[in-house]
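Report on the structure given below.
Every chain is named by a letter (A, B, C, D, E, F, G and H) in the order it is written, and numbering of its residues begins at 1.
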C-alpha cells in the first residue's frame, strides 16, 4: 500500500525528519507533505502582496496564503500525523485535526502523556495516539507492508 | 432570518450567557447550542459505561460521548462562535473551528488582541474576529434583522 | 437537545422497549425509529409483489423493500444504537453500523462483554460501547439534558 | 477497463489467492487490496503503542489502526468482494459491506447458499452474489475485457 | 414513519390518483409530489418568457422551467414511484430514475411484465418492481405503519 | 409546492418588492430571502468590529459578515432569482450565480436583452432568463400551483 | 486538455466507432469508455452466477453486473455522449443521462431532430445536442485543443 | 508540491502568459488550464451544432459548450487565479469565483486597487488579492517550493 501522509504541528523539534528518514530507511512507499515549516518564511507568506501596518492583517494575509497549501495537503493525504509539543498554543495543529475529522481523513496524534487530558477531544477522533516518532514509523510500516 | 448558533470554547467566563441574554433581550430569532459546559459532568460523561483505571481511556470515553453532541451541534448550526480565553490550551475550540472550516460552516472567533498571532490560522478561516460578546450580539442582530 | 435515534439489531429481547420507555419516563425529547421488528412481516415484505419459487429471490425482494425504511431511518437519525445479542449472525446490525460509519452518523453499540473481540471493528468506529439499555438511557439523558 | 478491487472478509480459506491468481493468469488489469490477513499481526496492530491490561482497549487500539488501511482500501476501490464463510461471526465483513453501500461502492458477496437468509440485507445491496471464486473471476473478466 | 413520495412518469392513466387516494383512505402519513401533469401546460411552461420560432428552443425553455420543480421534488423526496406505460418513449421517467439512482434516492418502478426486458437497467437499480398501484399502496402502508 | 427563493443582485430598482408583492397577491406559498439591501448598512456591516484606516480591509470585513447571510440564504433556498441592472459591475450577483451553479441550486436570471452577450456564461447555467418581474412571478406561480 | 468520455446508448449503428476513430485520426488526447455493447454478452452477464427460470431475474442479475461497469464509467468520465436512435425504448440511455445530471457530469446528446420533443427533458439538462458523430468530434476537438 | 492552476477572466492583456512563463522560468511544477481565450472561437463554440437566427441562442449554445471545459478546469484545479481588468463586465470571472467558493477551491484575485470596492464580495472569499502577475508568481513559488 502506498500512502500520502500529511505532517502537521510543532516545528521546534525534528520529529518530521525522524519520521521521513525512518520511513525512507525502511523503503516504505510513502509521500510526505507539510505546511511551510520555516517560521519566518511562514509569517511573511503574504508580505509580497503589500505591507500592512496592522499586525492582524499581516498575519491574516500570511495565514490565508499558507492555508492554500495546508488545505491542499490535507485534502490530498490519506493519513495525517498531528504533533503537539509541550510549548506554545499550537492551535493550528488542533485546527488541522478538526479539519481532518470533518473530512473523514484519519489522523494519528503524537504527543507526550502530559497532554492527554488537554487533548482528549483531539485524541477522541484520532485513529491512534503515539508518543514517539518511532511508534509512528512502526504503524506506517505495518499499514503499508504487512501481508 | 432565523439562525442556529453553536457556541464553542472557553467555559470559565460567562460569555455564553452574555450572548444568549443579549440576543434574547433584542428578541432575535436565534437558537443556541453548546457542548456540555459543566466541567465535571463533561469529564465524567463516559463513567457510566464502566470505570477505567487508565486516565487516557477515561478521557477517551468521555470525549467520544461528548463528541456526539458536539458533532450534532456543529452539523446543525448555521454559524459558530468560537471563544478563546487567556488561559488553558483550548485545543477543543481550535478543533471545532477546523471542523467548521472543513464543513463550510461559517464561524466568528471571539478573543483578545493578545491572541492574534497564535490564532492566525484559526482567524484566517473565520468570517469575523470579535473582541467582545457585545460585538457578537451586534453582528447577530445585523444578520437576522437588517433589511 | 432533541435527538432522532435509530435502533438497530437484535429483535429477540425487549431492549428497544426498555430504551424507549426509559427515555419516555425521563421526558427526554427523543424520537425513535427502527426497521420492522415483526420477524414474519419483515420476511414477507416483498410477497405482495408476486410469489417467488426461489427463496433467494423472496429474501431479496423483502430485503430491498425493508431497505427503504432502514436507509431512511439511518439517513434521518442523529445517533444509532446497534444491538448484538448472543445468538444469530445479525449481519444486518453490523451492516447498519458500517453504513453509519461511512455516513459519519455516530452510533453506540450495545452488547455483552463476550462479544468484544468479535465486534472489535464495529466497536472501533463506535462512539461508545454499552452493556445495558440503562447505560444507553443514561447517555441519551446526558446528551439531551445536561447543561 | 482497469479495476481496483478490495477483498473483504473470511481469512481461513485461500479464496483471496484463488481470485488474485485467477485474474493474474488471465492477464486482467486489476489491482487488489485487503485488510491485514495475518490474524496475529492484525490483533497486535496497536500493541506497539503501549500495552493494555484491558482486552477491550487492546482490541480497540488494533481495530483503529487496522481501520486506517480498511477505510483507505474501500474508499479507493472500484469494487469490493465480500466473503462470508461458514464459521465465525465475521461482523467486520458485514460492516465493510454496509460501509460500501453507504458510499455507493458496488460489491459482490461470496458465500454458500446456506447463508442466504442470514445475509439477505447484505445481499440486498450487493451487485451480485457469487458462490465460488471462479464465478467472481468470470465477472471480473467480463467487466474488464468484454467489448 | 412519515414519507415524502415523488410520482414520476406516464400521465395518460390515473395511477397517480389511485395511489394518492388509496393512501389517503388508509390514513397514511405520506406527502406526494409530481411534475406538472397537465400536458399542455407543461409544454407551455416557458412560453411566458418569450415566443420561439424554433420548436427545439420552445421545448428547451419549458423543459428547464419544469426541471426546477422536478429536481426539487426528487431531491426532497424519500422515495420515488416511477411509472412506465405501454405507449410513448417516456424518457423523462427513465431520466428521473437515473437521477434518483445517482442521488441514492430509493425508487420503485411500476410497469407491466411486457416491459421487463427493456427496463432491466432501470429495474436493476430499483428497490422494487410493482405491477399495479395496489401493490405500491401496500408497500407504502407496510413501510409507514408496520411495527 | 412550497418554495424558498433567494433574491440576488441589483438594489437600485424595486424588483424585489414587485416579485414579493406579486407572489403575495397571488397567495403563493413562497418564502423570500435576500442579502442586506440597505447599501450603507451593508458597507458598514463590519464597522462594529473595529475601525479600519485601509478601505480594502473595511470592505473585506463587511463583505465577510454579509457572506454569512448570503451563504445561508443560498444554501437554504430552492431557487434563486439573479438580477442584473444596466449600471454598476454587480459582480456579487454573478458570484452568487456561480455559487448556485456549483451547488446545483437552480436560478433564473432577470435582465434586459442588452446584457445577453455579456451574461452568456451566467445565463448558460440558468434555468431561465426573464426580462421582467412579472415573468418571474408567472414562473413562480406555475411552479408552485400548476397541477 | 485530456478528457475521459463515456459513450452511452444505442448499439445498432457504428456511431461509437465513428467518434473514436475520428478523434484518433485527429490525435486528440481522449480516452473512451462504454458499457458492454455486445448485445448477447450483455444479456448474459449474470448467467455464470446460476441459471434463472424467471426471465425477470435473469435480466436483473445481468443488469446489476453491467451496472458495475456503467457506474464506474460514468463516475470516472469527464463528459458523456448519450445517443438515442430511432428504434427501441433505450431507457438505459435516458437513465444514464439522469445519472450524469444528478452527479453534475456534463453530457451531450446525439439524436435526430425527430426525437426533439420526446427528449426535451434529457436535452434540457444536456450541454449540447448534436445530430451527427462529426459534430461530436468537432466539439471534442474544440474542447481539447483550442487555445 | 505540484499544483494545478486555473486561470480565469480577462483576455485582453497578456497576464496569463506572464504567469505561465514566469513559473516556467522558475522551474515550478505547475500545470495551467484556462477557458478558450480566443474571443471569436469562444463565441462560435456552438456554431457547428447548427445556425441560430436568435443571438441569445447562439450565445447560449456556445456558452454551454465552453462550460464543459470551464467546469472541468475548475473541478480539477487546486487553485484558481481570477483576473478582473478595467473594462468590460467580466461577469464570467465573478461567476467562476462563486463557483470556486462553493466548491471550496481556493482562488486568488488579480486586479487593480480601483476595483476593490466593486469586488469586495469576490475578494471576501478569496485567499489573496494580488495586483500584479509578479505577485501571483511569487505566491505560486512560495506554495510549491518553500521548505
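One rule holds in what follows: a residue touches a chain if its C-beta (ideal position, glycine included) is under 8 Å from a C-beta of that chain, and two chains touch if they have at least 3 such contacts.
Note that the structure is a prediction, hence the values are computed from the model and not measured.
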Intersection of contact partners for chain C and chain G: D, E
More contacts between chains, A-D or E-G: E-G
Repeated interface matching B-C, over half of the contact pairs identical, chosen among C-E, E-G or A-B: C-E
Rounded Å distance between chain B and chain E, as computed from the means of their C-alpha atoms: 44
Centre distance in Å when chain C and chain D are each reduced to the mean of their C-alpha atoms: 23
Intercentroid distance (Cα basis), chain E paired with chain D, Å: 37
For chain E, residues that touch 2 or more chains besides their own: 64, 67, 104, 129
Residue numbers on chain F that touch chain B, as the complex places them: 33, 36-38, 41, 45-46, 48-50, 61, 64-65, 67-69, 71-73
Residue ranges of chain G in contact with chain H within the complex: 1, 3, 78-79, 104, 106, 127-131, 135, 138-139, 142-143, 146-147
Sites on chain C touched by chain D in the complex: 55-56, 59-60, 62-64, 66-67, 70, 84, 88-103, 113, 115-125, 129
